[in-house]
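Once you scroll down, you'll see the structures, which are given as structure tokens.
Same chain, two partners: chain A is paired with chain B first, then with chain C.
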Partner chain A sequence: MTTRVPVVEKILSANDRMAARNRETLDRAGLYAINIMASPGAGKTSLILKTLESLNGRLRLGVVEGDLASSIDADRAAAAGLPAVQINTGGDCHLDAAMLADALIALPLAELDLVLVENVGNLICPANFQIGTHLNVLIASIPEGDDKPYKYPGMYRGVQALIVNKIDLLPHVPFDLEYFKRGVEVLNPGVITFLLSCKTGEGVNAWAEWLVRQVKDKKE
Partner chain B sequence: MHELAVTQSILDISLRHAQKADAKRITAINLVIGRFSSIVDDSVQFYWDAIAEGTIAQGATLHFQRIPGEMTCRACGHIFQPDDVTFACPACSSLSVRITKGDEFRVDSIDVE
Partner chain C sequence: MTTRVPVVEKILSANDRMAARNRETLDRAGLYAINIMASPGAGKTSLILKTLESLNGRLRLGVVEGDLASSIDADRAAAAGLPAVQINTGGDCHLDAAMLADALIALPLAELDLVLVENVGNLICPANFQIGTHLNVLIASIPEGDDKPYKYPGMYRGVQALIVNKIDLLPHVPFDLEYFKRGVEVLNPGVITFLLSCKTGEGVNAWAEWLVRQVKDKKE
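Let's look at the complex of A and B:
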């Protein structure tokens, strides 16, 4: 006799619970953390380094670098003087909450204000896995094309801030910013958006100032 | 490939509920997956065959109920399925639309013996 047992449970509920524990760890330490997601080459590491430059010592930063293999990104962050932890996912296409939990143990949390987590370069998988940070950020970049919100709706839906990087390329690349924004507005109405260029530095300060306010608001 | 992690979660959830129901065997898993939750059915099935082996869920059939993305126009109330080129309302061309279905990502039920 076959019987049907109702379950109605979110598939990644175990990860969600672990993410909630990470959030508690961060909150106890009085930290603000952001999860930076993007496709490969959109400028995640560049944004972290530019943000560091723009903050100019106003916040104490720690970095968690997620990557398939290698520690190139963590080395770049360490060279810039940041406490950095590398997570090699060993082929996994995303960070999950358990991986971040391990990384947080390796960071001097008591000495930090802000933790920047660089997720694995990918527009699909990381969107499904909450890791417990306070803010999910997506970096889109001009060369990727203006149709990405329509092609990767899951990613655009799951973030609380959007950065459009490489705007210095707008005159050289066919990218309809209005078409792009229309897609974003449907998927994620009102999401705060920063247009910037890590290359020229344009717009980076506005993003960094906003970040400082988020960290301060959190502390108060 | 996040399908391995997803498949592992499906197995964990199913086994836990089967145990609560005192089941001897799980014959089917019924999943509900919305358009905005991206997983590849074939890939989940592939991992399933590997990781369910030796458990009471071995050989269980995975049923994927796919929920298309659904949007509702704020201007005229029209309900439609968006394509991946534009989200504009096909009835009145308004861009003021909201997503009403497609975020589902759950184990809905299991069939057990």
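Let's look at the complex of A and C:
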């Protein structure tokens, strides 16, 4: 007599299934993609433009911009010469995998090495939706204050790289870097962190070099 | 023979019904309440503390703090001597009327004139939920950038007062005030706007005076 052993499978949500398909699309095209998340105005588009400058042609970039409304960010990226797609979510507070799937169709994937996806400005909702990229990146911003890891743990927990932007403002706003780092360390021990300023360019090269290595490691 | 005329009624959502009950609770207690919304780190708690300072005892304040996690903000308000309640939403990206109802029970309403509700840091979700307060206030922040009205129209459209905080950073970040104002004017023509700095205190008194008038007008 045999006993039936119940097998519990994780049933993927429609979004997770679509995210897996996006990953396949990207991998088939030999592409690396990152999902950039941050509060409104932390410097997502500025980071993309400074990264482009710092890479100086070493990687071929494509950009997907997510916003409730407007094409301001995609216009900025296109003005810098990047293939760019704007997603307007209407009211939605995050990108989902189906939106990215539509955007990928509109990009010349065969001509790219790296797709930079700029999520909707929000420290909460985007953390809950995988979209199929290889890396989740969070941009924190000095004027936001040093208590954000404590207040938005889900976002800080779910990323593989952390950028702290606007370090040029450190002399002008109260920000305790040690307090901030302690909060991050509890949630995401050892997460790689880059302190930089998209305004002055300080620290951008180190981030761009690291990104080049991620893309190359994947190709090998 | 009579024809039946179909009557279409707006059916209130559970949240709207609860918001109406909160309003009744507040009105019965002779209280004025405001719902303060903003991006993470725009200065919601700082505004509450500077308002307290500027009012200098002219109104009796109570505070409700909304965050995903932590009691950092309520601790700051309590340290300043304010009756304060912290709501932790878990993952929710906004306060709803039921959460405020619970918080109001925990405040000594009979001893207050004004309840300041600090919503979760987010420029999207809180705009879609009435919670029963008398006034919606948005805090914009100079380092967030001047394009936020264009990107977050729902939030800018739904408020009765707009505060632009951190004006002390104007010399240090790019921010075109005219471009910002044009975006606001399209969405919310004539909305009363206060430019101020919670760091230096500049402009805080004008906001506090206006708030006193709102509370007095309501009592009369």
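What we mean here is this: the second predicted complex is superposed on the first by the 208 of 220 C-alpha atoms of A that agree within 3 Å, B and C clash if a C-alpha of one lies under 4 Å from a C-alpha of the other, contacts with A are read in each partner's own complex, and residues count from 1 in each chain.
The criterion applied here is as follows: a contact is a pair of C-beta atoms (placed from the backbone, for glycine too) under 8 Å apart; a residue touches a chain by one contact, two chains touch by 3 or more.
Only a predicted model underlies this, so the values are computations on that prediction, with no experimental measurement involved.
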Check whether A:93 is in contact with chain B, with chain C, with both or with neither, and answer first, second, both or neither.
both
Regarding the shared-chain residue A:144, is it in contact with chain B (first), chain C (second), both, or neither?
second
Does chain B (first) or chain C (second) touch A:113, or do both, or does neither?
neither
Once chain A of both complexes is superposed, is A:124 in touch with chain B (first), chain C (second), both, or neither?
both
Taking the superposition on A as described, I'd like to know which of chain B and chain C A:41 touches: first, second, both or neither.
second
Which of chain B and chain C A:157 touches, first, second, both or neither:
first
Which of the two partners, first being chain B and second being chain C, lies in contact with A:186: first, second, both, or neither?
first
Is A:67 touching anything from chain B or chain C once the two structures are fitted on A? First, second, both or neither.
second
Once the structures are superposed on A, label A:169 by its partner contacts, choosing first (chain B), second (chain C), both or neither.
second
Chain B and chain C footprints on chain A meet at residues 91, 93, 124-125, 128, 147, 150-151, 153-154
Which residues of chain A touch chain B in the complex?
1-15, 91-94, 96, 124-125, 127-129, 147, 150-151, 153-154, 157, 182-183, 185-187, 189
Can you name the residues of chain B that touch chain A in the complex?
1-2, 4-6, 9-10, 12-14, 17-18, 21, 23, 27, 30-31, 35-39, 69, 71, 84-88, 95, 97-99, 102-103, 105-113
Touching residues on chain C, where the partner in the complex is chain A
39-41, 67-70, 72, 91, 93, 120-125, 128, 141, 143-145, 147-148, 150-154, 166, 168-169, 172-174, 199
